[in-house]
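Chains here go by letter, A, B and C, matching the order in which they are written, and residues are numbered from 1 within each.
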Amino acid sequence: MMENKEKVLSVKDLNLWFDGDFSSPQILNNVNFEVYKGETLGIAGESGCGKSVTSLSVLRLLKTPPARIQGTIEFQGENLLELPMSKMQKIRGNKIAMIFQEPMTSLNPLFKVGYQLEEVFRLHQGLSKEEAKKKAIEMLDAVRIPLPEQRAKEFPFQLSGGMRQRVMIAMALSCRPELLVADEPTTALDVTIQAQVLDLMRNLQKEFGTAIMFITHDLGVIREICDRVVIMYCGEIVETAKVEELFANPCHPYTNGLLSTLPQSGVKDRLPTIPGMVPPAGKFPSGCVFSPRCEHACEQCIANKPELYDVGNGHSVRCFRYQNTEVK
Amino acid sequence: MENISLGKKIRVFIKHNGRLIVGATLVLAMILMAVFAPLLTQYDPNATDIRNRYQTPSAEHIMGTDGSGNDLWAQVVYGARASLLIAFASQIATMIVGAMLGLICGFYPKVDMVIMRILEAINSLPSILLIFVLGMVFGNSYFNLILTLVIAGMGGPTRYIRAQVMSLRQKEFVEREVAMGASTPRIMFMHVLPQCSSYLLVTLGSGLSSKIMSLASMSFLGVGLPSGVPNWGTLISAGQVQLMLYPYLVFYPMIALAITNFGFSMLGDGLRDLLDPKTH
Amino acid sequence: MLIILVLVFCLMRMVPGNPMYTIQADANLTEEEMFILQEKYGLNGTIFDQFWAYIKRVAVGDWGTSYFNGKAVFENIFARMEPTILITLLSTVITLILGVPIGMYCATHHNSKLDLVLSSTSMLFTIVPSFCFGVGLLYVFAFKLQWFPLYGYQYIEKVGLLESLRHVFLPSLAIGLSGMAGYARHTRSQMLDVLNSDYIRTARAKGLADRAVYYRHALRNVLSYMITMVSGTITVNLGGATVLEKVFNIPGVGLLSYSSLFGKDYPQEQAILIFFAAIFVFTNIFLDIIYKVLDPRIELD
C-alpha cells in the first residue's frame, strides 16, 4: 500500500496569488498532495486550473513578485519554499528535474544539444568536459536517440519536436533525480510521437526509479501512465484517487464531466461537453468552485465551500454529496 | 473588482503613464511658447542693438544677448516656432508618404522592387550626410526643408507598413474582401491602414524628436532654413564661435532643444506603453 | 557548398546597397547639377550622355578630379579619411562597451532603483544631437580642463596612435554617448524578452546559477540580436563624425564633404557619397559573417 512507501514530496496548504494593480487574484487555494517514491502522480484539469503554476512553484521557477506563495513544499525533509536560492539551484536539475510543454522553444537555440546536456553533468557532478561529453552521449542513447554522437554536435533547430523532447527528458534524467516534474510533456507532440515519449518515460521510470509528477489535461494520458491522480479545478483539488479507482468510480461531478468527454471506441455520438466555461482568475466562485457549472448544485454549494471528504480507498472528493459517506 | 475607487484608478493610471503625462505637458508647454512667443518677450529676435552686444544674463535680458545685441531669450522663444513647425509638418508628411509608399509597395510587387532599391540606397548613406546634401541641393526654403526631411525619414514607416500589408494580405478577412471583389484601394484604406494606425501613433514621438534633431544639425551646418529665421541649431552654431568667452550663448538653445526632445521622447514612450499591450 | 551559400548570401546582401545604385541616385542629383555646370563651362551633350560618360569613366576606374585642387577625388578622400574612420570606430566601440553592459545590468536588475537611474540617465543622452555634446565636451574638457586638444588632428604617422586618439576622443565620446542609450535600451528589452523565454526557464530548471544563466545562455542570444543593429550604428556614427569634424575642426572626410558641397565640387562630393556607401556595404558583409558565427541557424533559414 501507499502508506508504506516513502514520501518524496509533500505539498501542504499551498496558496498562491498574483499581485496586480487592482486586485490580487488567488490562483491556488490550499493545495495538498504527496508524491511517493517511484510512483507517477497525475495532475489533471482544464487550462487555467493552476496545474502548471503548481508544478512551477515546486521548482520555484515563478517570478516573485508578481507571484506570492504561502504554504510548504517539503522535499527530503526541507521546505523548498524557504531554502536560499543557492541551495535551491543545487536541487534543481539534480534531485528535482523538470520537462516542459514546449520542446520547440525549451532548448537554447544557439548552443549545441550536447553542450546543453554536458552542462548538467559539469554542474551537479563536477565532471570534466570529456567525461561530461561521454555521459551526455550515453544519456542521448538512453532516451533512444539514434546516432547520439552525431546528434550531440547538432543544434536544436536541426532536431524534430519529438527528438527535442527526448533531449529534454535526457537532460532531466541526467542526474537520476528523485522527482521528475513533467508539465504537459506530450501536449505539443503528434499522437504517435506522444505514445513513444510516454513509453520512454515509463521505461526510464522503471530503470531509474524516479517519481514523476505528470501534469496534463488529457485523462487518456493519465490512464496510460499514472498510478494516482489529482483533479484540479479553479486552483483547488476537487478529487484525488488511484487511477483505477477514479476511472471506475468517479465521484466529483467535474471528474464525471471530464471522463464523459473522453472519446470511447465504438460510440459514434457527438462527444459531450461540460456546459459553461472556466471562470477567469480572480472570479472564482466563493462556494464550491464548480457550483455554477454543476447539475447537482444546491444552495449549500453556492454558499459554502466543501471540504475534501474521504470516501475510502485513498479516494477523496470535494463535494457535499459525499459529506456523510462512511469510510469503509 | 467593481468597487475600486476612481482615485485609485487615477493613481494607477499615473503610475503607469507618468511618461505620457510628463511628455504631453512639456510638448504642450513648448507649443504654447511657440504660439505666444510675442507675449513672452518684448524684443524682436532679429533686431540688432550693437550697444548691448554680449550682455551676460541679467534682469533685462534673462539669457543675455549675442554678438549683434539680439536678446537670446527672444531668439530661443521664436526659435521654437520654426523648430516645432518644421518638425510637425515634416513628421506628418513623412508618415503620410511612408504610409502611401508602404501600401503601394505591399500591393504592387513591381513598384515595390523599384522603391525598395531606392530606399536601400538611401539607407546606405548616413542620414545626416544625406540630409545635408539634399538640403544643399534643394536650397533653403521651408518646403524644400520638409521635402528633405521626408526623403531621409520615409524609409522606416514605408518598410513597416509594407511588412504589415504583406502579412495582412495573408489574413482571412482580407482574402474574404478580395473574394468579394473589393478593389485594391478599398482594401488598402478600409482594412490595412487602420491596422497600422497604432504604429504610426507610437512612432510619432520618436519621429518628431528625430526631426528636431535633424533640423538642428542641419541649421548647425548652415543649410535648411532660410537665413534670418531664428532657430536653435543656428544659434548653437553662431554661439560656438564665441564659446570660450560666452558659453551661455550655446547653453540656452541647447536646453530648449533638450527639453523639447525630452518631451517628445517621453510622449512617444508613454504612447507606446499605453498602446502596446506587450509592455504591460 | 557552404562557401557557395555564404557567397550567394553576401551577394544578395550586396545587391541592394550596391554602389551602382548609389551612383544612379547621385547621378539623378547630378543631372541638374551637371546641367548647370554644362552651361557654366559650355559643355555639350544631353544629361543622359553626361551620365553615360560618367559611368564609362567610372567603369575604367576614373572617378573624376576635384574641381578644387585638381587631384583625383579618391586621392583626396584617402588623404583625409584617417580621422573620420578613427572617430567612427572609436565611437562605435564606446557605444558598444557602454550600452550593452548597462542594458544587461538594467535587465538583470529589472525595476531596481539603479535600473531606473541608468535607464533615465542614458535617455538624457538621446535628447540632444551629438554635436551639442561635442560642443559641451569641447568647452569642459578641452577648454576649461584642457585635458584634450581644442581643435584639429595629428596623423598617426607623425605623432603615434595614442596622440591621434587624444585628438579624436572627445568627438568620439560625443557620438558614442548619443548611441549608447539606444543600445542600453535595446539590450535591456531584448534581455528581458530572452529572460522570459522557455529555454531560460530550462536553464534555470537545470540548476544553473543566475550568473551562468545571464552571461552564458542569455547574453549570446541578446548579442546575436544586437549585431544586426551595429551596421546602422556605424552608419549613424559615420554621419555623426562628419558633423563633429565641423565642431572640432578636424580635417576629415566630413569637412571635405562640407567644403566641397559649399564649393560646388560635385565630382568630389559624389565620390564621398560612394565612399560612404562602400563602407556601408563592407560593414554589412563583415557583420553578416559575425552574425553567422554567433547564430548557427542563419545558414539554413
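By our rule, a contact is a pair of C-beta atoms (placed from the backbone, for glycine too) under 8 Å apart; a residue touches a chain by one contact, two chains touch by 3 or more.
Because the structure is predicted, anything quoted here is derived from the model rather than measured.
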Chain pair with the most C-beta contacts: B-C
Chain whose Cα centroid lies at the greatest distance from that of subunit C: A
Rounded Å distance, subunit B centre to subunit C centre (Cα mean): 22
Cα-centroid distance, subunit A relative to subunit B, in whole angstrom: 53
Subunit C to subunit B touching residues, read off their complex: 16-17, 21-22, 24-25, 29, 32-33, 123-124, 126-129, 131-132, 135-136, 138-139, 143, 235-236, 238-240, 242-243, 246-247, 254, 257-258, 261-262, 269, 273, 276-277, 280-281
Sites on subunit B touched by subunit C in the complex: 116-118, 120-129, 132-133, 136-137, 209, 213, 216-217, 220-221, 236, 240, 243-244, 247, 250, 254, 257-258, 261-262, 265
Contacting residues of subunit C [partner subunit A, same complex]: 197-210, 217, 220-221, 224, 294-297, 300
In the complex with subunit C, residue positions of subunit A that touch it: 59, 61, 85-86, 89-94, 97-98, 100, 102, 105-111, 119-120, 123-124, 155, 157, 168, 171
